[in-house]
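Quick one: structure below, then a few questions.
To keep things simple, chains are lettered A, B and C as they appear, and every chain counts its residues starting from 1.
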Amino acid sequence: MKNGISILLSRIATPTRVGPRDFIIVAVLAAIAFAVPYFAGTYQQEVGFRILQLGALAAAWNIAAGYTGLVSLGSAAFFGIGVYTMAMASNAGLPLVLCVVLAAVVAGLFALIVSPALFRLRGLYFTVGTLALAEAMRIFVVNSPWFGGQAGIFLTAKAPKAYDLYWIALLVAVIVVVGVLLLLRSRWSYRMQAVRDDEDVASQLGVRTYRTKLWAFGLSGAFIAIIGSIQALNQGIVQPNGGFGMSWTIDIVSVAIIGGMGTKVGPWVGAVFIVLLGEFLIQFPEIHLAVVGVVLVLVIRFMPNGIWGTLTLALQKKRNFS
Amino acid sequence: MNSIDPVGLANTVLGGALLGGLIALSAVGLSLVLGVMKLVNLMHGQIVVLGAYAAFYLAAFWGISPLLALPIVFVLGFAFTAPVEKFILAPVAKHGEEAGLLTTFALAIILENLFIRFFSGDSRSLDTAFSRETIAIGPINLPTIYLIGFAISLTVCLAVWMLVTRTSFGRSLRASSEDPISAAIVGIHVSRVRWGTFALNGGLASMGGVLIALCFSFTPSSGSEYLLTAFAIIVLGGLGNIMGTFVGGIALGVIQSLGAYFFGDGYRTFVGLVMLIILLAIAPNGILKRRRSL
Amino acid sequence: MTAVLQLESITKSYGGVRALDSLSLHVAPGEVLGVIGPNGAGKSTLIGVIGGALTPNSGTVTFDGRDISTLSSADRARLGIGRTYQIPRPFTRMTVADNVRLAATNSGHHLSHRELEPFVAGILERLGLTPFAEEVAGKLPLLRRKRLELARALALKPRVLLLDEIGAGLVRSETEELISIIQSLRTEVESMVLIEHVMDVISQCCDRTAVLDFGKMVTVDETPKVLADPVVASLYLGSVAESADTIVVDESKRAAIRASLTSLVSAPNMASGTPLLTVDDVWVRYGGLNALKGVSLSVNPGECIALLGANGAGKTTMARSLAGAVPLTSGTISFAGKSIAGLRPDEVTALGIAQCMEGRKIFGTLSIEENLIAGGLDARKHVKAERLEAVYSIFPILKQRRKNSGTALSGGQQQMLAIGRALMSAPTLLVFDEISLGLSPIAVDEVYEALGAIRDSGVSMIVVEQSVDRALGLADRAMVLGQGEITLEGKPAELLADARLLASYLG
């Protein structure tokens, strides 16, 4: 009966609700974030960029994994598509905005192409399939003659300033967040959650499950690719092990789970946690990742709803008692 | 592409078959774990790497030849993974399949980074007296180590097959794999079976790591490639089918070698991965059908 | 004849078992069709086939003159076929209103944004769910879950509604409420198919009723005629007179079996005069539903208890909690003076309680002999061999085929294997759960013949059964479970004479 749905989420008792209040909060926070470069230095802007990047990535991943139950470990494939599309399109002289849009379109097409194989897999097998997909993409890009091999591709365009990058990342993050909120307000929201909770029953109630999964997976992938395209600008050079590297998948999954899967705020809590932990352990990158692993193990065991999910539940209980 | 040279092709196919059979040892426990624990063990690749490092340091510090170290590595792998199941995985089993999957994902991250921290990111390889020798069969030249590794893998796979089909633990394993609740009601201590299976896999995968490292160099980050290769093998061979896994290994070895032969060595793994995805999509339960009696 | 829904020689098999066997059926416009039949007759499979969740092996389904056999369930829902589930399956993490909105926005009828909310509110109101609209569906108790099932199906604006045992597990007043809801639906839903065990629902709602058994149509006719048919009553209760004739008691065979059994059952290790098993005020709750509500019972050494009751009454939950496979919410179970609550299933088995599980649960990846050995893992090697021989002498067919896979046997033989496996642990108490389910009458005779011999060996037994006459023929004492409580208790003869027994089955 349970088709690989995430038990991690099963204790979250707060249903997803999106109202005008959410949009106002996003607008206020975005306005505050917009002002940061005016009083903070380059270092703070870089940290801010990283938080915006990881938070947006996790929020995008959440569309498929948290709301639709498609737990993917293939995010690096979409991220890499974004990275390389930006590099190649911008070197071809296309304007920035078009490059970003192209990244999203290519990622969407990629989702469309791989979905017939992937969606036959349920639960754990889907997860393994996505992992294999990302590795296959990385190896393909390393070896094929079109993508510059291991050495990668240099971006010919001049690298943007730190504050420009920060603002671009902020814009992208706002687009992703508003996109997620609009999605949650739409009829797709019920369909996605229904597919996650019980695919067979959803189908019996008229939900075209394949289409629903494709929308969620494709949209999630397109957003991840957009964020990837910004990373290409940030780096100035794109390489297979950077763009398609497992480390992106690890970051995304850690942020989403530590923050709280299937919640609106969780990704941002997780992103702040992971980035600050990384800054704290900046001298020891391996130790940082090992610590992230330990935190993950502990969160899955003792706080299966993540930091934010656990907080909300605790608040709810308190309210119910008083 | 190269013009096809029959001797070179035969060399490739035979070498690939031997190599695949050798690698099968690293995969044979993965399907037992999947069957009994309903767990996709994402730290599997890191256990394989751990075995390789164990043999590396046994050779470096005590001069123990990797082949003689195999039993020690098995014990180390068993001893390392047994508490992992008991104290980390078993408690989250009640949170559902995904909790176990993500926990092993986290453990994989931890292990990989500890490897980098303590063993450095350098690429390593294992050496034996036979490492550079080849055996000629007519015009075909095959590395001696492939033959030895193949024979060891076949022997261990047969032993595992005997264990699963002929012993009391094997009966309990099969029953728990098929229906854990009924198995428990019949009187089988299912949690002990799970624990034993995971640790057995730990020992087998570590030994597999030694064999692989005798043929290829490895780094702390080789784990994900080993995991996916092992997965491709068990999907090819049919989940839960021990000797099928061995045959699946041979098949994958041949396919990968042909891929490398025709498209270049970089495509060796790629061909395997693409096949894994296609196989998962068309026949998630494997090509070789699972036999009733395993 | 213009049927809304027409099934033409549908066959659906699982493994070797035919759940539906070239079944044909039609539903006329404006009609409410009831479908009844014992457990395992193929009723739920029928709904799955109509709704599209199951693909039949052969046969066609026609809706409104159109062959829909190849359509997905989503497309069938959009055409106007709505269904509910026997065990409600709400989307537990969505609110009640969102559950209904989902169906409303995926039906074949387009609703604009402005129309949606009043429509959803109307349906919630209609089913009395308005106060719980914003509650998470996973928190609802059973009756509200059932109403939500109906609400979701109605939100599709279906032309045909398939209701799978909507009355199961409800108390009488709740059932009456449901009946009035169903009757009120007649004006807006063209036709309905009701699968039911609760006869009140059938008699008050259905124009015609079909009776299924072993996947085949036994009869279909106007409801009052069907309910008066003696064949139907015997399908549920079995017929004592008939089975008494067919059982040939072979005394010498019995004596041999009795001799073999001495090594297969253990005497209780405890002071005499106290009950072997005491179940005290046991409650079991899963997912918001109370499966057992304060059940107390005891079994004396050597006693055979029959535990009866309709589908969903809590019998299997009781058996499972005795096995340690279901955690108790409250209450205690003690066996031979020790509390067994909280023990693992294998620990319970080691103490001396063996189970013959519902559905037999034979391991197909193990051979017949391995299945038997798995039942007596703790025994020493020579004891194991001795017990194995004893089981083989009781069921010679198992010895003949001992190398074959456990599931290569016929249903009756598998049941013998399950009994043999339970005996391999040399238990003090044996629990038989729905042992006659899905077996042919002859196989049931054979199995009960063996049970009789086992009872005579002096072991304690609990026989959980739907088939009343068989169990009562065997038991020293019987109790009837209804809605998770013991509703009736007594000697078999007294119970048979009690009209309430039949009522507890037929409503």
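Rule of thumb we're sticking to: a contact is a pair of C-beta atoms (placed from the backbone, for glycine too) under 8 Å apart; a residue touches a chain by one contact, two chains touch by 3 or more.
Quantities reported herein were computed from a predicted structural model and do not represent experimental measurements.
Chain contact topology: the protein chains form a complete graph, every chain touching every other one. For the interfaces B-C and A-B, the C-beta contact count is higher for A-B. Centres computed as Cα averages put chain B at a distance of 43 Å from chain C. One simple way to say how far apart two chains are is to compare their mean CA positions; for chain A and chain B this gives 31 Å. Multi-chain contact residues, meaning those touching two or more other chains, do not occur anywhere in chain B. The set of chain A residues that touch two or more partner chains comprises 10. The residues of chain C never reach two or more other chains; the list is empty.
If you check the complex, the residues on chain B that touch chain A are 38, 40, 42, 88, 91-92, 95-99, 101-103, 105-110, 112-114, 116-117, 224-225, 228, 231-232, 263-264, 266-267, 269-270, 273-274, 276-278, 280-282, 284.
The touching residues of chain A, when paired with chain C in their complex, are 1, 9-10, 12-13, 15, 187, 190-191, 193-194, 196-198, 200-209. For chain C in complex with chain B, the touching residues are 323-325, 344-346, 349-350, 354-355, 357, 361, 363-367, 370, 373-378, 405, 421, 425.
On chain A, the positions that touch chain B within their shared complex are 2, 4-8, 10, 71, 73, 114, 116-118, 120-121, 123-125, 127-129, 131-133, 135-136, 139-140, 142-143, 246, 250, 253-254, 257, 284, 286-287, 289-290, 292-294, 296-297, 300-301, 304. Contact residues of chain C toward chain A in the complex are 51-53, 72-74, 77-78, 83, 85, 89, 91-95, 98, 101-103, 105-108, 134, 136, 138-139, 152-153, 156.
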